[in-house]
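Below is a structure I'd like to ask you about.
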Amino acid sequence: MSDSAVEIRNLTRRFGSFTAVDGISLDVASGEIFGFLGANGAGKTTAIRMLCGLLVPTSGLGRVAGYDIMKESERIKRSIGYMSQKFSLYPDLTGRENMQFYGSAYQMSSTDINRRIGELIEQLDLGDFVDRLTGSIPVGWRQRVALANAILHEPSIIFLDEPTGSVDPVYRRSFWSLLYALAEAGRTIFVTTHYMDEAEFCERISIMDAGRIIALGRPADLKRDHEATTLEDLFVDLVDGKGPRA
Amino acid sequence: MAFLEIDNLHYRYDETTALDNLSLSVDRGSICALVGPDGAGKTTLIRLLCRLIAPQTGTVSIDGEDLFDVATPLTDRLGYMPQSFSLYTDLSVEENLRFYAGVFGLTGSAYIEKRDYLYTFSRLGPFAKRRAGALSGGMKQKLALSCALLHDPELLILDEPTTGVDPVSRRQFWAILDDLRRAGVTIFVSTPYMDEASRADRITCLFSGQRLATGTADEVAATFIGSILRIDGVADADRLARLDALAGVTAQRFGAGVHLYLPSDMSADEVMPRVVELGIPRSAITERTPSVEDRFIQLMSGAGESEADNV
Amino acid sequence: MKRIRWLALKEFYHIIRDVRSLMIVIAMPILMTAMYGYAISLDIDNITLAVIDHDRTSESRSLVERFYASGRFVSPLHDVDLADPTATLRRGDAVGILVIRPGFSEAVAQTDDFTLGLTLDGSDASVANAAQAYVSTIVAEFTQDRLLPPGAEMPGIRISQTMLYNPDLKSAHFFVPGLVAVILLMISALLTSITIAREKESGTMEQLLTTPVRPHEIMIGKLLPYIVIAFLDGLLVVLFALVVFGVPFAGSVGLLIGFGIIYVAASLAIGMLVSSIAKTQQVAMMIALAATLMPSVMLSGFVFAIKNMPPALQAISHIVPAKYFVTIIRGIMLKGSSIEVLIVPALSLIAILVVLMFIATRRFQTRLA
C-alpha cells in the first residue's frame, strides 16, 4: 500500500448538466485525521460516495487505500469503513446483530466476528448497549455502535459523514478521543462535519464550495493565512464573503 | 414578572422522571438556550411548553396567564418549530407559507404583507416557486422558521433548529433570531451546540430533569472549577500518557494539542515546571480561559456533585 | 453463501420484530379469502319473495309452499298492497312478486298452458338473476312431480329463463382455489416490494453498498425469508378453504406444497422487481398492487375463461403467474391431477421466477453506478 490513503486528481462527477464535484484534487496520508468541510450542497457527499466506490466518477483519477477508484471499487470496499450518524444501523436489530450482519457482508468468519465484537465492546466501552435494539438507545451510544460497526472488519480508512450531528458535547468529546485512538493505531480518518470546533480537532482540513475545494491545509495555518480568528469566521468568509456577519 | 415562568414543573413517564421540579424564568424579548445530554428532559420540556402534554404538578405561565388552563388561548401567542423538518416537501415554499397562513386564519393582503416581510428576513423570495423538498438544509430551516412566525407569536419555541446545517446558514439563522429578539419576541431554543448556546442571553443546562446551571455564557463558564492549560503541538499517545500521569492532572487531546485540566487547589505555576520537565517548551504552554463547553462537560461528568447551582 | 444466510437472517429479524405488520401479513390473506369467498360465491339464499295468490286452491298453496320450503326464498314481513303491488319492491320489502292468476289449479288438472306472473327488482342483477333461476327451477320441479311421466315434454307452466349457472353447483369449490392463487400473488408481491425501498428510504442501503455485498446476494437473501412467510400464508389460506368452504382435496398434498413454494417465489420476485425500481415504499406498494391484482383477477382464468379472450389478452396471460397456479391448484384440489399433467404450468412458473429475479438484480446493479 502506498503512503497516501486517499489520492485524487481532478475528480469530477456530473449529474446531467449539473456538476456536483468539479475537478477536486486531494492527498490524505495514512493515519491522518482529515476534515472534509463544506456548505450544504457543496458536493461533499457526492465526493465521499465516489471515494467509497458507491458512485463512478465522470472523470479524473483516484486511488483509495492504493486501489483505483475507477476499476477496483470492490477492493476499495473491503479496505474502508463507512459511517453516518443518521443512516448506518438497522434500528430493529441489536448492536450485536447489526455487527454480525455487516461482518458477514465482509465475509468474516463467525469466530472473527465474535472476537472483534468482544474487542470493540471493550475498546468503545459499549457495555450492554450492544445487546439492545439500536433504535431504542440514546443517540450518543447509537453513534458509538455505528462506529464499532464501521470498523468491525478493521478497515485502513474510515469515512465518517457528519457522525456527530445532534449529539451533546460530552459524547462528542469522547467520540473524538476514539477517533484519535484509531488514528494513532494507524487508521486514516476522513470526516465531514458542520461544526468548526470539531474541525479544529483535525490535522488538516479542506473546505468545499460549489463542487470545488477552496481551501486546504492545517487549521492553524489556514487561520493565519486568511487572518481569521476562528475556523468559523474563515469558513463564513470563504464560502459567503458577502453574507451578513452577525 | 418574567414573560415565561416555569414553576416546580414535574413530569413523569411510567417509571422515569423526565422533569424533576424544574423552575425557570425567561424575560420578554430574550433568548434562552436549553442544553443538556440526550434524555435530560429537553424534549419533554418543549412538549410541555407547546401544550402537547400536561404535567403532573407545577405551573407554567406566559405573560401572567396559566399555560395549562384550557381557557387560555395560547396558540396565537406561541410559535413552534419542531426538530424534524415538518413541512410538505411536495409543496413549494410559497404554498407551504400559504397553507400555514390559512391554518392561522391569515388571508388576503394581511398574508401578502406578512409573507413579503418574512421573505426579506429569510431571503427565500427568489425560491418561492421551489418545492420545499428541493431546498438546502439551511433554507429548509429558514422556511420552517418562517412558517412558525406567520402569526406573529410572542413566544417562539425551537427544538434543535440547526442540526445538520452548515456554518454559513447557521449564522444567518442566528442573525434572524437576533432580529426577532430585538423586535420583542421571546425565544426558547434547545441545541446540542455550545457555540450557539453562547449567543443566547441565558443558558440553562438540564440534566436528569433538573437544572444544573443558568446564566449568561460568561457566568456559566466562570463557574468552572479548576483551570486549563493548553499545550500546542501534536501529541502522540506516549506523551499524552505521560502528561495524564502527572499527579492530580487530567490530559486530553484537543485538535493539534493537549488540554491539561487542573483541579482548583493546583495553580498553573505549580504544574508548569513539571510539564517542561517532560521536554515540552515553555512557549508551547498557554493558560486557557474555560469555555461554557468546558463547564458543561465538567457538570455532566460530575453531575450531582454541584447540584443546581444558581448563578 | 454465508453472506446470503446473514442477509436472510437479518430480514427475518425485521419481519418478526415488527409484530403488527406480521399480524397483518398473517391475518389479511385469511380475511380476504373469507370476504371474497363469500362475496364472489354465487349461491344466493333467503331472497324475499311476495306471493299474490288469486287462485287460492290447494294446488296453488302447495306451489307456494314449495317456494318457501326450498330454502331459497323467504316471505316478506309486510303483506303486499294489492292496489299497488310494486310498492313492495320500491320499499325493498321484497325482491320479487309472484302472481298466481285464478285458474291455476284447473290448468294444472287439464295440463293447459298457464302463465305465472313474476315481477323482479332488477337493481341487484345478481340477486334478480338468481331469483329468476330459482323460480323456474321450482316451477319445473312442481310440474314435473305433478303432471308428467319422466322424460315427457312439459306443455304448460314453464317460465322460460336462461340458466346462467347451475344453482346447485357450489361455486365456492370452483372459486376458492383460484382465490388462493390471486391472494398469495398479491400478498407476496406486497411483502417484497417494500423491502428494498425501505432500506433506500432509511439510508441503510447506502451502508450496505459500501460493503462488498453483491446485488444478487441482496436479492436472494431478501427473497428467502419471505418465501417462508408467504408459504405459511398459503398454507393457512388453503386450510381455511378446506375447513370453512368445504373445498374438496382430491390430489397430492406434497405436490401442492412443492408447486406452492415455486409459485410464492415467483410472486415474491415480482415484488423484488418493483422494489428495485421504486424509490419509496409508498410507490412500491402502489405498483405492486397494480401489477398483481388486476392481471391476476382478469387474466388468470380465475373468473373469466382465457379461451374466450381476444388473442392479445391471451398472449399477455402467459406472463401472469396466477394463471399457471390457478390451473395447478384447481387440478390438484378438485381433480386430483398428477405431476405429468401439471409439469408445463410448473415449468412456466420456474421460468418466470428466474427471469424476474434476473431483471431485478440487473436493475438493482445499474442503480449503483
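The first chain written gets the first letter, and so on, giving A, B and C; residue counts start at 1 in each chain.
In the analysis below, a residue touches a chain if its C-beta (ideal position, glycine included) is under 8 Å from a C-beta of that chain, and two chains touch if they have at least 3 such contacts.
Because the structure is a prediction, the values reported are computed rather than measured.
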{"item": "Where chain A and chain B overlap in contact partners, by chain label", "value": "none"}
{"item": "Most centrally placed chain, judged by C-alpha centres", "value": "A"}
{"item": "Chain A-chain B separation of Cα centroids, rounded to whole Å", "value": "26"}
{"item": "Chain A-chain C separation of Cα centroids, rounded to whole Å", "value": "55"}
{"item": "Distance between chain centroids, defined by C-alpha means - chain B, chain C (Å)", "value": "60"}
{"item": "Multi-partner residues of chain C (each touching 2 or more other chains)", "value": "none"}
{"item": "Interface residues, chain C side, partner chain A - complex", "value": "2-3, 5-7, 9-10, 13-14, 17-18, 202-204, 206-213, 368-369"}
{"item": "Chain A residues within the chain C interface of the complex", "value": "52-56, 74, 77-78, 80-82, 84, 86-93, 97, 100-102, 104-107, 133"}
{"item": "Chain B to chain A touching residues, read off their complex", "value": "35-39, 136-138, 160, 163-172, 174-175, 178, 192-195, 234, 236-237, 252-256, 293, 296-297, 300-301"}
{"item": "Residues on chain A engaged by chain B in the complex (per definition of touch)", "value": "38-42, 138-140, 162, 165-171, 173, 176-177, 180-181, 184, 194-197, 200-203, 218-220, 232, 235-236, 239-240, 243-246"}
